[in-house]
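Two complexes are shown next, each including chain A; its partner changes from chain B in the first to chain C in the second.
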Partner chain A sequence: MLWMAWRQHRLAVFSVAVAFSGAAAFFFLLGNRMRAALPADVLPNCFSVASGPECDGWARVVNETLNLSVLLPVLAIAAGVFLGAPLLAREMEQRTHRYAWTQGVSRLRWLNTKLVMLGATVLLLSTAVSAAHMWWYAPAAKTEGLFDAFGMTAPVFPAVCLFAFLLGVFMGALFKRVLTAITLTTAGFLACLVPVQTIFRTRYLPAVDGQYAEARGGWVMDFLYTDGSGTYTLFSALQKAGLSGSGTSFGSKEIGQLKALGFREFVSYQPADRFWTFQLIEAGIFTGLAAVCVALTFYLVRTRLA
Partner chain B sequence: MTEVAIATRELGRRYGRKWGLRGCSLSIPAGRVVGLVGPNGAGKSTLMNMMVGLLRPTEGELELLGERVGPNTVLDRVAYIDQEHSLYRTFKVREMLKAGRKLNTRWSQRIAEDRLRARGIPLDRKVGELSGGQRAQVALAVALATTPDLLILDEPVASLDPLARKEMMAALMSAKAETGCTIVLSSHVVSELERLCDHLVVLDHGRLRLSGDINELLNEHRLLVGPAATAAAVAAGQDVVHHDEGSLLVRGVRPIHDPQWRVEPVDLETLVMQYLSMAYRPVRETVS
Partner chain C sequence: MTWVAWRQHRWVFAGIAAMFAVLSALFLIAEASGNGSVLTWSGTVIGGFPGFLRSYEELNNGFAPLPILVGMLAGAPLLAGELEHGTHRYSWTQGVSRNRWLVTKTLMIGAVVTVFSAAYASVHTRWYQPYAAQGGWFMIASQGSLALPAACLFTFALGTAAGALLGRVVPAMATVVVGHLAVLVVERAFVRRNHLLGEAPDFWTYQAIQLGLYAGLAACCLAVSFLAVRNKFS
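Let's turn to the complex of A and B:
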């Protein structure tokens, strides 16, 4: 059965492995080159927005890499689309399940073996990418905190990839067409990932108010202003103070004026020490979603599909 | 005591509001070659899919070789080939054999290789590059290599050209002679099955019309031919299966006193056609 899983999916496994290994190699080599090029005391500064000339262009590389990291869920989608979606849909489409499920292996064992083998592959590859990303970002852990690399850190990233793979399998079981499964896997994955990243992630625990300096290494979500009677965002504080000048951009000048008028600045943030709690919560969410996909897939294969 | 290869009791499968098969009660002894006939949509594939666990019965019971068939039962002693001879097209023939070996506890590499060699099918060719006839032969070789006690084939020759059809039927006959396993095959063409089968099951519109040993069925049935004017009088004394223009198909003919009527033997094709064209009546089954 293992041989069957390998023989049927080796091309997809190979493609996905190339993509994941490429990403892992990129972060690993970047981490090595930055360590080689920069002294250990300078290196952490280059991950900061306020980096100096001593970083010699590395700060720009860091910035662009972090920006591009937003695209890394594409790797998860690749796992869902190449490994997950065809697993059942292609068998249905080419009617080969009529061969596979009438042999001496029960279809539940057949499915189980494939899910375990391919799921383990996805976990292994995504953990490698996470590890390489964490290695690259490690110098900044103390100074910048880890929240900038939240989505790429294990266990969140492997859990996201596993979910994408199993969502693909479930979509394949549900729609029995590879193309439909691929489309809906991509759409469904984004429909889960985007709200989690933009809405839920900020609210796993209630944010803490404090001075900017206290929020160091944590995740600052809002700069807020208070005049004693209420709390305002920068924009509404400026309006309250009658300072709405250009209307589109504000700088330290306006903030200085606000402070002169008696406004105090504070930040709403998630403290640095919550990072791993947040990792576990988000990894738990995606693992839970993945488990739902597995359960529904087994249900469909056992009772509905023929 | 002979083993019962297939036993069904009030077996039925519904698709939405329409029944694909209903009230099917059968008992077929082991060692037979069973022809399952009926027009398209008669319920042949439905019955076969339920036998191999690809479809869940809506009601009734189904036993193969004494074992109840459920949705997740492993049928080690049963082999199945579907209408398209579904195999992995990107696999080489050799890999298809390996798949069979990996997926089955009973496997004889020799049986598969001997059959393929005898038909000149190279093991290094991809399944997708084979002709339809060759692919059917590979599917059969892979099925027979699991040394089944029951081989189920859904329209095994429907997609083949006449030559490949002949070769497939010959291969099935040799398989029968070599292994003695029970074979069930379906077709909507009676003549295809006539030489191979010794047991007949007729399905129509999801209902079992006839089931029995072919020789017994032919012995029991007679065609009465005579003038239409006296047909009603003649029919009154007979067990009439079907009343056609100028002829009556009867079961267990009784003496006729009208000299204008002749008693003729019936051939298999006529028998099936008459059963298919009659209005539905409760199942008749001969004791085998």
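Let's turn to the complex of A and C:
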């Protein structure tokens, strides 16, 4: 059964493995080259936009890499679309599941073997990418804080990839057509990932108020202003002070004017020591979603599909 | 034939139209709810939904994979869907020639892709206008009114050609992903870099360069599809 699962899916496994290994190799080599090129006391300062000439062009490389890093969920989508979605949908579409299910192996064991083999592959590959990314970004832990690399750190990234894969399997079992499953896996994955990243992640624990300097290494969410009677965002504070001009951008000049009028600035932030708690919470969310997908898939295969 | 193409691919029409309509709506809402409310101080951006949208774009290149989605959903299944299921044998033995069959399909879906992506790109470009002074126009170089439709047309043509050659949907989709990423890397690392280092980097000149690059590649892919369909032995 193990051999058959491998034979059936080797092309997809191979393609996905190439994509993940490529990303892992990129971050591993980048980490090595930066460590070789820069002295140990300079290296941690080179992960900031504001780094100086001692970084010798590496700051630009870091900036571009971080800019493109947001595309890394594409790896998770690839696992869902190329490994997950066709897993059951192709058999249903081409009716080969009738053949597979009338052999000596029960359909639940058949499904179990496939899920365990491919799921373990996805976990292994995504953990490798995470590890390489963490190795590259580790020097910035003290200077920049780890929150900039939140989505790429283990256990969150492997959990996200596993969820994408299992969502693909479930969509395939539900719709029984490869193309539909692929489309809805992409849409469904983004519909889960984007709200979690942009809304829930900021609220796992209530944010703390404090001065900008205290928030170092943490995750600054908002700059807020108070005049003693209330709390304002920059825009409402400018309006309250009657400073809202026609300009399309505001800079340190307007902030200086606000402070002269008695407004006090503070930041709302998540402290640096909450990083691993947040990682566990988010990994828990995606593992939970993945478990729901597995349960629904087994239910469909056992009762509905024939 | 027009009606057949519509019936066969109506979900693709609907999907492409819905995707670009939703994206355009996002930017129109952002524009209506306070465009220009952005703070440039130590790189932090604040300001509700518009601020979020802006930070998403600035920090993340979040919209870069759009053409890949178009190529995967509109291009790859166009011919591979029929070849995989063998229904091309039925289509090709009707009164309509293979060539006209292919022309109708590519024209109809290609037009939908181009029109909707162009509409979205122009909404996006207009929305970006107030930020251009600080961020620079090149921030949205890949999303501009000429570059994005051309890139979407290219991925659509690439998916069609890969589908015609491979005859299977999923490998054709993988080809789109790999092919577009390869072109994107070459375009950013060489073409854009050279242009920015050149005498007078200009947004609209570069839009025209991208239009030429992607339209040329799209034409090559379409030619490959036609050859593949013409020479296919049943």
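Quick note on the criterion: the second predicted complex is superposed on the first by the 304 of 306 C-alpha atoms of A that agree within 3 Å, B and C clash if a C-alpha of one lies under 4 Å from a C-alpha of the other, contacts with A are read in each partner's own complex, and residues count from 1 in each chain.
Note that in this section contacts are C-beta pairs under 8 Å (C-beta built on N, C-alpha and C of every residue); 3 or more make two chains touch, one makes a residue touch a chain.
As the structure is a computational prediction, the values presented were derived from the model and not from experiment.
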Check your understanding: Aligned on chain A, chain B and chain C: do they clash or fit?
Key -> fit
Practice item. Could you look at A:S15 and tell me whether it touches chain B, chain C, both or neither (first, second, both, neither)? Key: second
**Study point:** Which superposed partner A:T277 touches (first chain B, second chain C, both, neither)
**Key:** neither
Exercise for review: Go through the superposed model and pick first if A:V74 touches only chain B, second if only chain C, both, or neither.
Suggested key: second
Check your understanding: Now for A:T186: first (chain B), second (chain C), both, or neither, which partner does it touch?
Key -> second
Check your understanding: Regarding the shared-chain residue A:T143, is it in contact with chain B (first), chain C (second), both, or neither?
Key -> neither
Review point. Does the superposition put A:T198 against chain B (first), chain C (second), both, or neither?
Key: second
Check your understanding: Counting residues of chain A in contact, which comes out ahead: chain B or chain C?
Key -> C
Exercise for review: Could you grab the smallest C-alpha gap between chain B and chain C in the overlay, to the nearest Å?
Suggested key: 12
Point to revise | Shared chain A contacts, counted only where both chain B and chain C touch the same residue | key: none
Exercise for review: Would you mind writing out the residues of chain B in touch with chain A in their complex?
Suggested key: 49, 52-56, 71-76, 78-80, 82, 84, 86-89, 91, 95, 98-100, 102-106, 146
Revision key, fill the gap. Touching chain C in the complex, chain A uses residues 11-12, 15, 49, 66-68, 70-71, 74, 78, 81-82, 86, 178-179, 182-183, 186, 198, 220, 222-223, 233-235, 248-252, 255
**Study point:** In the complex with chain A, residue positions of chain C that touch it
**Key:** 15, 34-41, 43-44, 46-47, 52, 56, 59-62, 64-65, 69, 72-73, 77, 81, 130-131, 133-134, 169-171, 173-174, 177
Study note, to complete from the structure: So, in the complex, the side of chain A touching chain B is made of residues 1, 3-4, 7-8, 94-96, 98-108, 302-303, 306
